[in-house]
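Below you'll find the structures, each written out as structure tokens.
Two complexes are shown next, each including chain A; its partner changes from chain B in the first to chain C in the second.
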Partner chain A sequence: MPAYTAPIRDMQFLLHEVLNIATAGVPGYDELEPDFTGAVLEAAGKVASEVLAPLNRSGDAEGCRLENGIVRTPKGFKAAFAAMKEGGWTALDSDPEFGGQGMPYLMGTAVGEIFVSANMAFNMYQGLTHGAVSAIEAHGSPEQKATYLPPMIACDWTGTMNLTEPHCGTDLGLMRTRAEPQPDGSYRITGEKIFISAGEHDLAENIIHLVLAKAPGGGEGTRGVSLFIVPKFLVNPDGSLGPRNAVSAGKIEHKMGIHGNATCVMNYDGATGYLLGDLHKGMRAMFTMMNEARLGVGLQGYAVAEAAYQNAVIYAKDRLQGRAVTGAANPTGPADPLIVHPDIRRTLMDQKSFVEGARAFTFWGASLIDRSRRQGDAGAEALISLLTPVLKGFLTDKGFETAVSAQQVWGGHGYIEDNGMAQFVRDARIAMIYEGANGVQALDLVGRKLAADGGKPVMAFFDLVKSFVKEHEADAGLKAEFLGPLKAASKDLQAAAMIFLEKAATDPNGALSGASDFLHMFGHTCLGLMWAQMAVAAQTALTEGRGDPAFLNAKIVTGRHYMARHLPATALHLARIQAGGDTVMALAPEAF
Partner chain B sequence: MDEPIIEALEPPKPAPTGLNIVVCIKQVPDSAQIRVHPVTNTIMRQGVPTIINPYDLFALEEALRLRDEYGGQVTVLSMGPPMAEDALRRALGLGADKAVLITDRRFAGSDTLATSFALTAALTTLAEERPIDIVFTGKQTIDGDTAQVGPGIARRMGLNQLTYVSAIDSLDLAAQGIVVRRRSEGGVQVLRSKLPCLITMLEDTNTIRRGTVQDLLRAARADVTVWSAEQAGVEDPMKCGLRGSPTVVKRVFAPSPRAEKAEMVTVEGKTPAQIGDALIDLLFARDPKLEAVVTAAAR
Partner chain C sequence: MPAYTAPIRDMQFLLHEVLNIATAGVPGYDELEPDFTGAVLEAAGKVASEVLAPLNRSGDAEGCRLENGIVRTPKGFKAAFAAMKEGGWTALDSDPEFGGQGMPYLMGTAVGEIFVSANMAFNMYQGLTHGAVSAIEAHGSPEQKATYLPPMIACDWTGTMNLTEPHCGTDLGLMRTRAEPQPDGSYRITGEKIFISAGEHDLAENIIHLVLAKAPGGGEGTRGVSLFIVPKFLVNPDGSLGPRNAVSAGKIEHKMGIHGNATCVMNYDGATGYLLGDLHKGMRAMFTMMNEARLGVGLQGYAVAEAAYQNAVIYAKDRLQGRAVTGAANPTGPADPLIVHPDIRRTLMDQKSFVEGARAFTFWGASLIDRSRRQGDAGAEALISLLTPVLKGFLTDKGFETAVSAQQVWGGHGYIEDNGMAQFVRDARIAMIYEGANGVQALDLVGRKLAADGGKPVMAFFDLVKSFVKEHEADAGLKAEFLGPLKAASKDLQAAAMIFLEKAATDPNGALSGASDFLHMFGHTCLGLMWAQMAVAAQTALTEGRGDPAFLNAKIVTGRHYMARHLPATALHLARIQAGGDTVMALAPEAF
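And then the complex of A and B:
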């Protein structure tokens, strides 16, 4: 069975040496002292390795079952869910007014990574609930908050998000689910939703579905869409559960990965629903939680990669094959361990430098969300909105690639299900698809985010890179190995951004042919910035005699690997964008 | 005529319910991370992270379990340098209700006699607030290893001492009685005692709980009570620290291995008597002189 150990030291390094949260001035961060964050991460790590990780393989093998309208989760999930609730892990960063712990989102993100690495499918039950809680926190009436938030924050009730329909995935304007107003102010919801994660299961007393549907008078397309609360069991005024609502799971999907999470067809047959937020403003209500939800999916991408990488390392140290080209490293054994071979080293360094860079990027993103939420920092809000499609698209594309690389280290044994490496690959795959497929993330980036507010957010990003480079340029070593490559990547990115701004109107096909390339070069530049910042932090800690020198030196070497071997990808992506859409759009559909 | 001012009278405090338990914990270097200096052969303590003495976690868990079942409170008490506050805060994060650190330059260099003296003073001071029902300690520490501090406290406080306890069978709050299992050579003793008492818990008798987020937050926000020798109620400082410690370490050395190696012998037999006879025969055959000595002594 694959092993998992929470990367606490790496997380502590990010929180206290890179993000320097103690002096960041964000309300709530003052409490996050190293001892405290260390204790929380350690306790979360224990839950992950003792409770969640042992259920990852078995949950995958067993999957969920639908019997007479009831979905049964895999063996052990119920007890594990109870343990999560009891430990207070479901409510880490929720509103204390409704029973949450009120910790910063950054802390919830760090703990979330640990849980996702240990068992992604299991963690989705609470992850989706968290998303629904955020929506109700942001848009609910005082009564709705009082009714739904406390049991949902405690995870006695869980939540879902219902957007997708058979004919309507990316293009939500095609939605058919209807909402008819009733004299008592409620709505009757009718329609079919598909692919609804955690739509039905046996872990909670009640399930609160958030459903997008069309109410009369809203007009065509997405403008007519509103958001509704549709509980599985209606809730009595005293908070107790009332009659069963007319919503049921018609089917659960047989799918590639995340078998422990029930993906359901949900039938709404005149179910009672309550408007959440303003009528016909459902899309806007969804958008307010988008940054958070997409950061959460980006996190899944690298968190699964982290678990896969850990097991690649274990195997590479254990498996004896071949001899080191420079002479036997294990002369008394029949062969040397895989880790002596340069090609194995290359892939392990690729994996390590991606995962650690991705973690830094995600933690930074989470800190921007905290700045925006807790300080009303508009600049941080604009920046995280720009970076959200990059976080989601880049980290899930690369996360999947990394899981495949980790599987490759295991050779043929990686292809055998019992060994668990195949599961990482299968689980990581969905993150590229849901919460907006990655191609659509690229569209969002170049079509919406790049030009937002006259391009101010993207200019702010370039300024950030520029001033960081300037601040540290005096250090010759840093300049050669980190700042130079970062500057070059940022220059490529700026050149590409100019092409999009110019071509958007005149050659939209040409521009959009390069959208995914732009998302990827943006991702590389962000990870380059992260690695440069981590190198500075590691160097500072070394100079000032803090921390374990072996760990800090490894940080710098890993950063050099990323800068030298991955950041140059921006040049290739730029070349593709410059090539435009000629070849891409030239052939007629019949030619394919 | 003046109305009696009833509101001004303080309402009587409700009598505390449940158990009042104090667990003595010691902060020790994490022996798993200690390295020995390659040249001087001495232990390198610098930079070694500290932990709660692992044996004390069994005591803490048992105390928390009793509190969860019978109500009341668990206080953790430690004597040590100011940084021992970390260990206490960790115990709070695991669910303890209160923490007290006694720290004073005059405690430095305490041996087991002085340690149990200082801890007894603090326990006595704590008991003035509310009588203590049970004092828990670990079986021993991983650095001092003496297993003397618990019994020392019991003797000084005049408490029944229940050592090497592997399980608490029952507790009767009303009758102030407790029944425990004690592991002893060759068997298990079932002991009944009056409360208050002192219990030293055996290792591997339970598993320390995982901290909850609620407890971790409370621990981060809680104040650890810090007492000097006087505040702890120490009346005679001469009984503390180095001056109060009759133990003198003359020399520390690593024993050199003996030249001859031990050998394991096995014999077979159907009954214990047969096995015994076979073993004696074998030993006497190996060492004829032994036979003469033993038979002579037997006469």
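And then the complex of A and C:
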């Protein structure tokens, strides 16, 4: 069974040496002393290793079952969910007014990574609830907040998001689910929703569905869409549970992965729903949650990769095969461990440098969300809005690739399900698809975010890179190994951005043909910036005598690996973007 | 359920316009008239679409079961296997002396692709038999050939390969299975072998296991290894089946994919075995089969990708979502089909240009094997030996990537097992691992093949590129879009080859750190060469008025796509190789 150990030292390094949260000036960060964050992360790591990780393989093998309308989660999930609630883990960064602990989103992100690494399918039950809580926090009436938030933050009730229908996912304007207004102000919701994660299960007393549906008078397409609260059990005025609502799970999907999470077809047969936010502004309400939700999916991408990487390392140190090319490393044994072989090390360094860079990128993204929410920092909000599709698309594409590489280290044993490496690959695969498939993320990036506010956010990003480079240019070693590659990548990215801005009106097909490449080169540049920042932080800590020198030196080497071997990918992506849409659009559909 | 249609027009184009087999001068090729090959491929396509493809999903869902030592294959496999035998498909390119049809290996390869695309797991039962047949053809005594080949070529008996043991796969010197000589000249084989594809099943009367084991007196490591024939049922002198041998399946592995094929743990408990080939020369005997076996696995990589691509195209034409950015393409419908969107087309073109290039590469490789076998062409043999790790490693890495991209086109529906896209990904995954994991292929390429015979084979490859470029340089269009990129890629590859030759002795770790990158840049260059050749062939056919202009023009556009968007990857791989092994080897194992 795969092992998992929370990467606490790396997280502490990010929080206190790179993001310097103690001096960041974000309300709430000042309480996050190193001892405190260390204790929280240690405690989360203990739950992850001892409670969640042991259920990952078994949950996958057993899956969820639908019996007479009731969904049974895998053995052990109930007890583990109770343990999560009792530990207060579901309420970590929620509003104290409704029972939350009020910690910054950054802290919730760090803890979230630990739980996702240990058991992605399990963690989705609370993760989706968190999303629904955010929606109600942002758009609910005072009564709705008072009714739903306390039990949802406690995870006595869980939440879902209902967008997709059999014939439409990305194009929600085609939606058929209807909401008819009732005399009492409520709505009758009728329709079929699919791919509803945690749509039905046995972990909570009630399930609060957030459902997109079309109410009369809203016009065509997405303009007519509103968002509704549809509880599984209606809630009495005193907060107790009333009658069962006309919503039910029609089917559990048989998926490639995340078997421990019940993905349901949900049937709404005139179910009672309550408008959440403004009528016909449902899409806007959904979008306000998207930065957070998409960052959460990007996190899944690298968090699963982290777990896979850890187990690739264990195997590479343990499995004996062949001899080091420079002479036996384990002369008394029958062979050397895999880790002596350069190609194995190469892939482990690729994995390590991606995961650590991705963690830095995600933590930075979370800190931007905190700045936006807690300080009303409009620049931070614009920047995270720009970076959100990059976080989601790049980290899930590369996270999957990393899980595949980790599986490869195990050779044939990686293909055997009992060993758990295949599950990491199957689980990581969904993150590239849901919460907006990565092609849609790329379109969002080049079609919407790039030109937003006259291009100010993307210029702010380039300025950030430029001023970082300028600030540290005096350091010759840093310049050669970090700043040079970062400047080159940033230059490639700027050249690509110019192409998009020029082509947007004259050759939109040509521009959009390069959307995924742009997303990827943006991702590489962000990780390049993260690695340069981490190298500076590690060097500073070394100079000032803080931390473990072996860890800090390894950090610098790992960064050099990423800069030398992965950042140059921006040139390839730029070449593709320069190639334009000619060959992409030339063929008639029947030629495919 | 996924559909499959054999790509016969593309295969005919390769055989008759690119490889020009009618005038190639290879014995046996002269019988392969276009009408004949067309009829064979049509017939194979019919079996694939009507018999094999319909069993692909069901075979995956049902899997194989071990009950009281007997393995049951999925429903329908028995009848399908009988149909394959009756159609003579198992004997297509085998020796007529033992009941084969004696067609060239190239033809067996084309037909093999069709069967693998339709049902990879099913086709392994006969595919592995083919490998065992080749081993007995190459190393068997006249008696062994007479006894085993006719029923194996007819697939009344099937074959297996037994190399791997629980503690060793790549490093076979660690092998523990023993062979004790008996007074009658036979051996008693004792040991445990794992990952034995088709190790036990209900499709054949007998199973002929080829087993590597250590016989006394052979010395340490792989030097002591010999190859043995171990039949499930011993064979009487008259060819009838005798008593059951002491070999049995102890377990069926629960794998990520290829569920329809029984992957067994095989226990040899003093089983009777017969030496195949020379004593203590078992590794050599295995290696003689490897070019063919590895080409077959490379074929699996792109053949599964072809099936996945076909179904991505079907979905992209069918699924309505959004509107074309340049105006509605389906104005009377509620939305446009996915295929109007540039990012969807971009991925479909990526898939198409890989699969068609991979097919050309594989067919070329098969023709080199024919030249080597049927003409004793030493140059062809040296070249295919060099290219074998590239065919295996590059086509399976990229084939998997392509299957993932095809699945992505389906969005959330691609993650649902019922739709079959996930299976393509799960099935394709194994091809990167077995028959030598791709990292081992890369080591074989840079550690053994590159410097073989003083580097003559690799120089022959570069000469081939050079003379092709020279021959066609007068064509300005071709020069700009095909020859220029090909020259650039070839130059990158040569620069990398020089680095390896220089570093091999002085910095072996540095060299080997770039092995996988070298394999990939070699693969890109080969596909670049294939595309340039296909462009010339298509242009020639267009000029001379042969074939369907729409098909031929699409061929040229698809080639331009590959040259513009994928061939430039060689520069990235070269940059990584130039980065050397410094960061790869720097960390202590405990730093991972």
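Basically, the second predicted complex is superposed on the first by the 592 of 592 C-alpha atoms of A that agree within 3 Å, B and C clash if a C-alpha of one lies under 4 Å from a C-alpha of the other, contacts with A are read in each partner's own complex, and residues count from 1 in each chain.
As a working rule, a contact is a pair of C-beta atoms (placed from the backbone, for glycine too) under 8 Å apart; a residue touches a chain by one contact, two chains touch by 3 or more.
Not measured: the values here are computed from a predicted model.
Undergrad: Give one word, clash or fit, describing how chain B and chain C relate on chain A after superposing.
TA: Aligned on chain A, chain C fits beside chain B.
Undergrad: Of the two partner chains, chain B (first) and chain C (second), which one does A:Trp89 touch, if any: first, second, both, or neither?
TA: First partner only.
Undergrad: Counting residues of chain A touched by each partner, does chain B or chain C come out ahead?
TA: For chain A, the partner with the higher number of touched residues is C.
Undergrad: Go through the superposed model and pick first if A:Pro334 touches only chain B, second if only chain C, both, or neither.
TA: After superposition on chain A, A:Pro334 lies in contact with chain C alone.
Undergrad: Could you give the angle made at the Cα centre of chain A by the lines to the Cα centres of chain B and chain C, to the nearest 10°?
TA: Spelled out: centre of chain A as vertex, angle of 110 degrees.
Undergrad: One more residue to check, A:Ala564. First (chain B), second (chain C), both or neither?
TA: After superposition on chain A, A:Ala564 lies in contact with chain C alone.
Undergrad: Closest Cα approach between chain B and chain C after superposing, in Å?
TA: Distance of closest C-alpha approach: 15 Å.
Undergrad: Where on chain A do chain B and chain C both make contact?
TA: On chain A, no residue contacts both chain B in one structure and chain C in the other.
Undergrad: Given the complex with chain A, which residues does chain B contribute to the contact?
TA: Counting only chain B, the residues touching chain A are 86, 89-90, 93, 210-214, 216-217, 219-221.
Undergrad: Can you name the residues of chain C that touch chain A in the complex?
TA: 164, 167-171, 173-174, 194-195, 253-257, 313, 316-317, 320-322, 325-326, 334-335, 337, 339, 341-349, 352, 400, 404, 407-408, 411-412, 414-418, 422, 425-426, 429-430, 432-434, 437-439, 442-443, 508-513, 515-516, 550-551, 554, 557-558, 560-561, 564-565, 568-569, 571-572, 575-576, 579, 581-592
Undergrad: Show which residues of chain A lie in contact with chain B when the two form their complex.
TA: So the residues of chain A touching chain B come out as 31, 33, 35-36, 39-40, 43, 46-47, 50, 86-89, 91-92, 101, 103.
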